[in-house]
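Common to both upcoming complexes is chain A, partnered first by chain B, then by chain C.
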Partner chain A sequence: MSTETGTVTGSDTSRIHNIGYRSYDGVRPGRAYARRSLFSQSLRGSFGLGRSAKSKVLPMLLCGVMCMVALILVAVAMATPNMTKLPIEYTAFAIYLQAVIGLFIASQAPQSVSRDLRFKSVPLYFSRPIERLDYVIAKLAAMASALLILTGLPLVILYVGALLAKFDFAEQTKGFGQGMVSVALLSVLFAGLGLVVAALTPRRGFGVAAVIAVLTITYGAVSTVQAIAWETGSTGAITWLGLFSPITLVDGVQTAFLGASSAFPGGEGPGAAAGVAYLIVVLALVAGSYAVLMRRYRKVGL
Partner chain B sequence: MIATESLSKRFPRVTALDRLSLDIGPGVTGLVGSNGAGKSTLIKILLGLSPATEGRAAVLGLDVATEGAAIRERVGYMPEHDCLPPDVSATEFVVHMARMSGLPPTAARERTADTLRHVGLYEERYRPIGGYSTGMKQRVKLAQALVHDPQLVLLDEPTNGLDPVGRDEMLGLIRRIHTDFGISVLVTSHLLGELERTCDHVVVIDGGSLLRSSSTSDFTQITTTLAVEVTDSDDHPDGTDAVRRALTGAGVKLVGLDGLDAAGLPGAGHILLVEATGEETYDLVRDSVAGLGLGLIRMEQRRHHIAEVFRTEEAPQAAVAATAGAGEQKGSGRDEH
Partner chain C sequence: MYDPTVARLTYRALLGRRRAAILFVLPVLLVVIAVAVRAFAGADDDVASGVLGGFAIATMVPLIGVIAGTGAIGPEIDDGSIVYLLAKPVKRPTIIFTKLIVAIAVTMLFSALPTFVAGMILNGNGGQIAVAYTIAALVASIAYSALFLLLGTVSRHAVVFGLVYALVWEALFGSLVPGARTLSVQQWSLSVAEKVAGDGLVTSDVGLPLATILLVGVTVAATWYAGQKLRALKLAGEE
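This part shows the complex of A and B:
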C-alpha cells in the first residue's frame, strides 16, 4: 500500500518510501460489529487471553480445577464396577464447586469493568458509535459466557465420560440438559451480580473483595440460619431462607424445576410453588443488575 | 463542518450554553474560552451524547439529535482528562479503540501502526502506557481519536500539562492533522496564543455565548509593521537613533520605538518599529543601515496577537503602536516572518 516515490539509485537497497498519511476507505462494519468486538475482547480477557501472562494464571487455574474434578469423577465412575450412573448429579456439580466459581467471578468481574471506570476510559467508548446499552450488554454477555464456559465445560466432560462408561443414554442426556440449563441460569445471575458490585467499586482490589463478600457472606449467613432452622425443626423456613443468597437461589430453582436434589439441610428444597418465587427472584435480580449497570454508566459517560 | 443555531443548554442551576449560533468550516478551528465557558458542554452536544435544551446543531451535515451514532462514526474525540489504562501497551489500546470505532481487525492493526507513527510514537508503543511521559500519553490520546480516519476531530485541551517543547510539538501535530491528513480539527484551549499559531479560525465563547468568531488572519492580520534592530558603531554610538533619523529623512513613517514601557527588558528601546508600505521599505531600511555602516541584527514583521480581542474589541485599528508594543512584551519569540 505504500507509495514509492524515491528513485532507485545505484543499488536496490537505497529506496525512499514515502509513507505519508493514508486515509481509510475500507468497510466500517459499525455499531453491531463494535459490540461484538467488545464482547469477544471481554470474553477473552476473562480467561486472560490477550492480556499479560500473569493475568492468565488465576482464570486458567480455576478452569483447570473445575475440569480436573470432572475428570476425577469420570475416572471414579469408570473404575468402579457396577456403577450405573455418575457419582454426582450434573446439577450438583456447580453447587459443590461454588467456591471456585465465586473466585472466578470475583477476580474477573473487576478486571472487566473496573479498569475502564477507574482510568476513565469509558468516555472513549461512548464517543464512538457504540452506546451505553451496547457496552452494558456486551460486558454482561461476555461475563455470563465466561462463567458458562467455566461451569459448562466440566459438565461436558462428565457427559462424555458417562457415555463412554456406557451409562443409560436417555437418562444421562436428560441430566446433562438439566445441568446445562441450571449453569446457564447461574452464569447469568452471577455475572449480573458480579459486574454490579465491581462497577460500583472502581478500585480493583476492593471489587474483588466485595464480590467475594457478596457471594460468600450471603451464602454463609443463609446456610447458618438454615441449619439453625433445621435444628429447631422449622423446616418451612429453610425453603424461604434460600431466597437470600445467589447460590441457594440457583439450588432452589433447579430443585423445583430441574430434577435436582437440594443441598439444603435435610434436602428441604422448594416445591413447584415456592420454586416460582425463586425463579422470579432470580429473574428480578438479573433485570435489576442490568438496570443498575445502565444507571451507573449514564453517570460516567462523557 | 459544524453548524449550530441558537443552541442552548440549561442545567437546573446553570446555563452552560446560551443561544449559541456558530458556523465552522473545514480547517483548524480554535474554540477559546475560560474554564466553565461551555466548551466541554458544546463538545458533548456535538457528539450527540447530551441533548440540547433548545436550538439545533449539525455536524458534517448530520443532526446531533437524531444521527448521533453516524456522527460518532465519522468524528474523533480526545478528552481533556487522563483516560488511558496503565497496564496495556499503546498499540493494544489503540487497536482496541479502533475496533470500538467499527474497524475490522486487520484494518485496526494497520491503522494503529500508521497512526502511532504519525503522532510520533515508535518503539515505545509496545511498552505499557503506565511508564509514559505526559507528552507520550497525550500522543496516545490523540492517536485513538485519529485511528479510524475521521473527517473531524474534537480535541479538548490537547496541550494541557505539557512543557513548552511538548506544547509546540503538539501544536505542530495539530496543524499537520489538517494540512497532511486532511482532517478538520476543532481544538479547545484557554490560551489564545496557542491557537493563534495553529488555527485558521478562532471562536471565542464566554459564559456560553459567542463573543467573537472570525478567521485567525482577521485577528492577527499581517501588519505592515517592521521591527528593526541594529548594532552601534564608533561613528554612530547610538545606532538606533541614527537609523531613525535616516529613515525619517527618507520619508518613512515610524510607528514608534519599541519597548519604551518595558525598560527592564534587555534590548528595550533598541527596536525601531517602522511602517512598511511595500517592498521598497525593506530595501530602504537595508540601504540606510548599510549606508550608516551599521550591522542589521534583525528586520522582521510584527503581527497582532489574538489576546487583543479582549482589549481592543471596539477599535482594533486605533492604537496599532500601543498594541504592537504590548504584543512584543507578551512574547517576542512568537513573531512570524
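This part shows the complex of A and C:
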C-alpha cells in the first residue's frame, strides 16, 4: 500500500495528481454480520433501547405490567397457607394478559418496519450485503424474540417463585416447559401477523390501529359468537370457531397438546383431532406471513 | 366555525386509500356476524343485546372512534404538513371544530349505521334494541371523536393511548373495578340506550343525568382544549 504523495507524469498539459486516497483494506464482516446487527438493533428497538427516553416508556411499562402480575401471583401463592400449586396455570398466563401482549406487538411492530418504509431507509439496508431474505428473517426473528422475552419472563418469575415456595418440582417443571412452548408458538404467530400488517403501511399510527384491529376484532367476534353458540347449546361449533382468531388458536393448540384448560366458553377446547387442525392453521399462518413479507419486500417502496 | 375546505381535505385524508379499508371491514364483519347469529340462534332479544353490546358498542365503536378521531389530525401533525394548514388565515379552533365534525360524521356513518342494520337483522328491532344501540353508538361517536381528536393533538402516540383507553380501561378495568365504569364513554352512552330500550335489556352503571352531563362536558372540554393545543402547537422531529 503506497501512501506517499507523488505525481504521475502524462503529457505536459494534463497531469494526474495522486493525492494519497487509500482504498479500504480492513475487515469486511459480510452478510451474516449485517443480518446479526439488524436482528440485535430491531430487538433492542422493540424495548426502546437505543431510542429516545419517551419511546422506552410504553414497552417497558407493558413488560413491567407482565412481570408485576407474575410477582403478585407468586406472592399470593407464598402468602396463602396450604397452597400446593400456583393460583394460575403457566399456559393460562398469556391468555389472561392478551391485551398487554396485543398492545406490545401493535406498538412495536410498526416501529420496527413502518418507519423504515416511511423514511425510505429500506433501500439503504439493501445497499448493504444483505438480501431480502435476511431483512425479513432478521425482523421476524427480532419481533418474535421480543415477544418471547415479554411473555417468557413472567413465566420464569412464576417458575422461580413456585420452586422457592417448594411446590412439587416435577409438576412445576412440566407446566413451565409446556408454558414456554406455548408462548414461543404465540410469539412467532403474533410476530408474523403483526409485521405483515405493519409492513403494508408507512404510517406508524395507522399500523398500530390495524394490528390491534386484527387481534382484538377477530377475538371479539369469535368470543361473541362462541358465547352465543354456548347459550344455544351447539357446543360442537365452539371448537371450530376458535380457528378464526390468533389468541384462540394458541388456546386451542395448548389445550389439545400442552395440557392447558381452555378459556373457551364451558372449557369446550379442541381434542387431539381438532388440535391437529389448530396446529396446521397456526403453522400455515406463520408460513403465510413469512411468504407475504418476502413478497412485500420484492419492491422496496410502496 | 365550519370551514368547507378543511372539511374536504379531512374527508379525503380519512377515507382515502387503505385507511378506508379498515373502516369498511369492521361494519361488514358486524353484519356478517349478525346474519350468522340470526341463522344459528333465530331472533332472540338477549342474544341481539349480547352481540350489539359485546361486539358493536364495546369493540367496534371505540376502534372506529380511534381511527377516525386520531386520523383526522394525527397524520398531518406527524408528517408536518399541518404547518401549511396553520399558515392559512383560519382560526385554530375552527380547524379543530371542522375536523371534529368530520370525525363525528365518519364515526357515526361507520358505527351507528351498521349497528342499526345488525340490530334489524338480529331481531327486527324487537324491544327497541336496534334503535337503543344505534342511539348509544351515535352518542358514543360524538364523545369518542372529541376525546381522540384531543389525543391526536396532544401526543404523537395518540393511537396507542386511544387504544389503551378503549381496550384496557373500558374493557379490562371496567369489568374488574366497578368504579372505573363511571368514567367510561361506553357506559355513558349505554345509559342513554337504557332509557330507550324496553324492560332491562340494556343496562348501564351510570344514571342518565350524570351520563348526559359527563358526555357533554367531556366533548366540549376536549374540543376546547384541542383548539388551545393547536394554537401553540410545537412540531417535534421524529424520534
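Here is the rule we go by: the second predicted complex is superposed on the first by the 276 of 302 C-alpha atoms of A that agree within 3 Å, B and C clash if a C-alpha of one lies under 4 Å from a C-alpha of the other, contacts with A are read in each partner's own complex, and residues count from 1 in each chain.
Here is the rule we go by: a residue touches a chain if its C-beta (ideal position, glycine included) is under 8 Å from a C-beta of that chain, and two chains touch if they have at least 3 such contacts.
Everything numeric in this text was worked out from a predicted model, so none of it was measured.
> Where does A:Arg115 make contact in the superposed view: on chain B (first), on chain C (second), on both, or on neither?
It touches chain B and chain C both.
> What is the contact status of A:Thr235 with respect to chain B (first) and chain C (second): first, second, both, or neither?
neither
> After the superposition on A, what does A:Ser23 contact: first (chain B), second (chain C), both or neither?
In the superposition, A:Ser23 touches chain B alone.
> Would you sort A:Glu131 into first (chain B), second (chain C), both or neither based on which partner it touches?
The answer is first: A:Glu131 touches chain B but not chain C.
> Should A:Tyr33 be classified as contacting the first partner (chain B), the second (chain C), both, or neither?
Only chain B; A:Tyr33 stays clear of chain C.
> Looking at the overlay, what does A:Ser52 touch: chain B (first), chain C (second), both, or neither?
both
> Thinking of the overlay built on chain A, is A:Ala209 touched by chain B (first), by chain C (second), by both, or by neither?
A:Ala209 sits against chain C, while chain B stays out of touch.
> After lining up the shared chain so the two structures overlap, which partner does A:Pro123 touch, if you call chain B first and chain C second: first, second, both or neither?
In the superposed model, A:Pro123 contacts chain B only, not chain C.
> Under the contact definition given at the top, report the residues of chain A touching chain B in one complex and chain C in the other.
Comparing the two interfaces on chain A, one with chain B and one with chain C, the shared residues are 52, 115, 119.
> What does chain A use to touch chain B in their complex?
Per the touch definition, chain A meets chain B at residues 19-24, 26-31, 33-34, 37-38, 41, 50, 52, 115-116, 119-121, 123-131, 301-302.
> Give the list of chain A residues in touch with chain C in this complex.
Contact set of chain A toward chain C: 51-52, 54-55, 58, 99-100, 102-103, 106-107, 115, 119, 200-201, 203-206, 208-210, 212-213, 216-217, 220-221, 224-225, 227-229, 231-232, 234, 237.
> How about chain C: which of its residues touch chain A in the complex?
18-19, 22, 25-26, 29, 33, 36-37, 40-41, 46-47, 50-51, 54-55, 58-60, 63, 66-67, 70-71, 74-75, 78, 157-160, 163-164, 167-168, 171-172, 238-239
> Note which residues of chain B are touching chain A in the complex, please.
Residues of chain B touching chain A: 43-44, 47, 49-50, 69, 72-73, 75-77, 79, 81-87, 92, 96-97, 99-104, 107, 111, 114, 118, 144, 148-149, 180-182.
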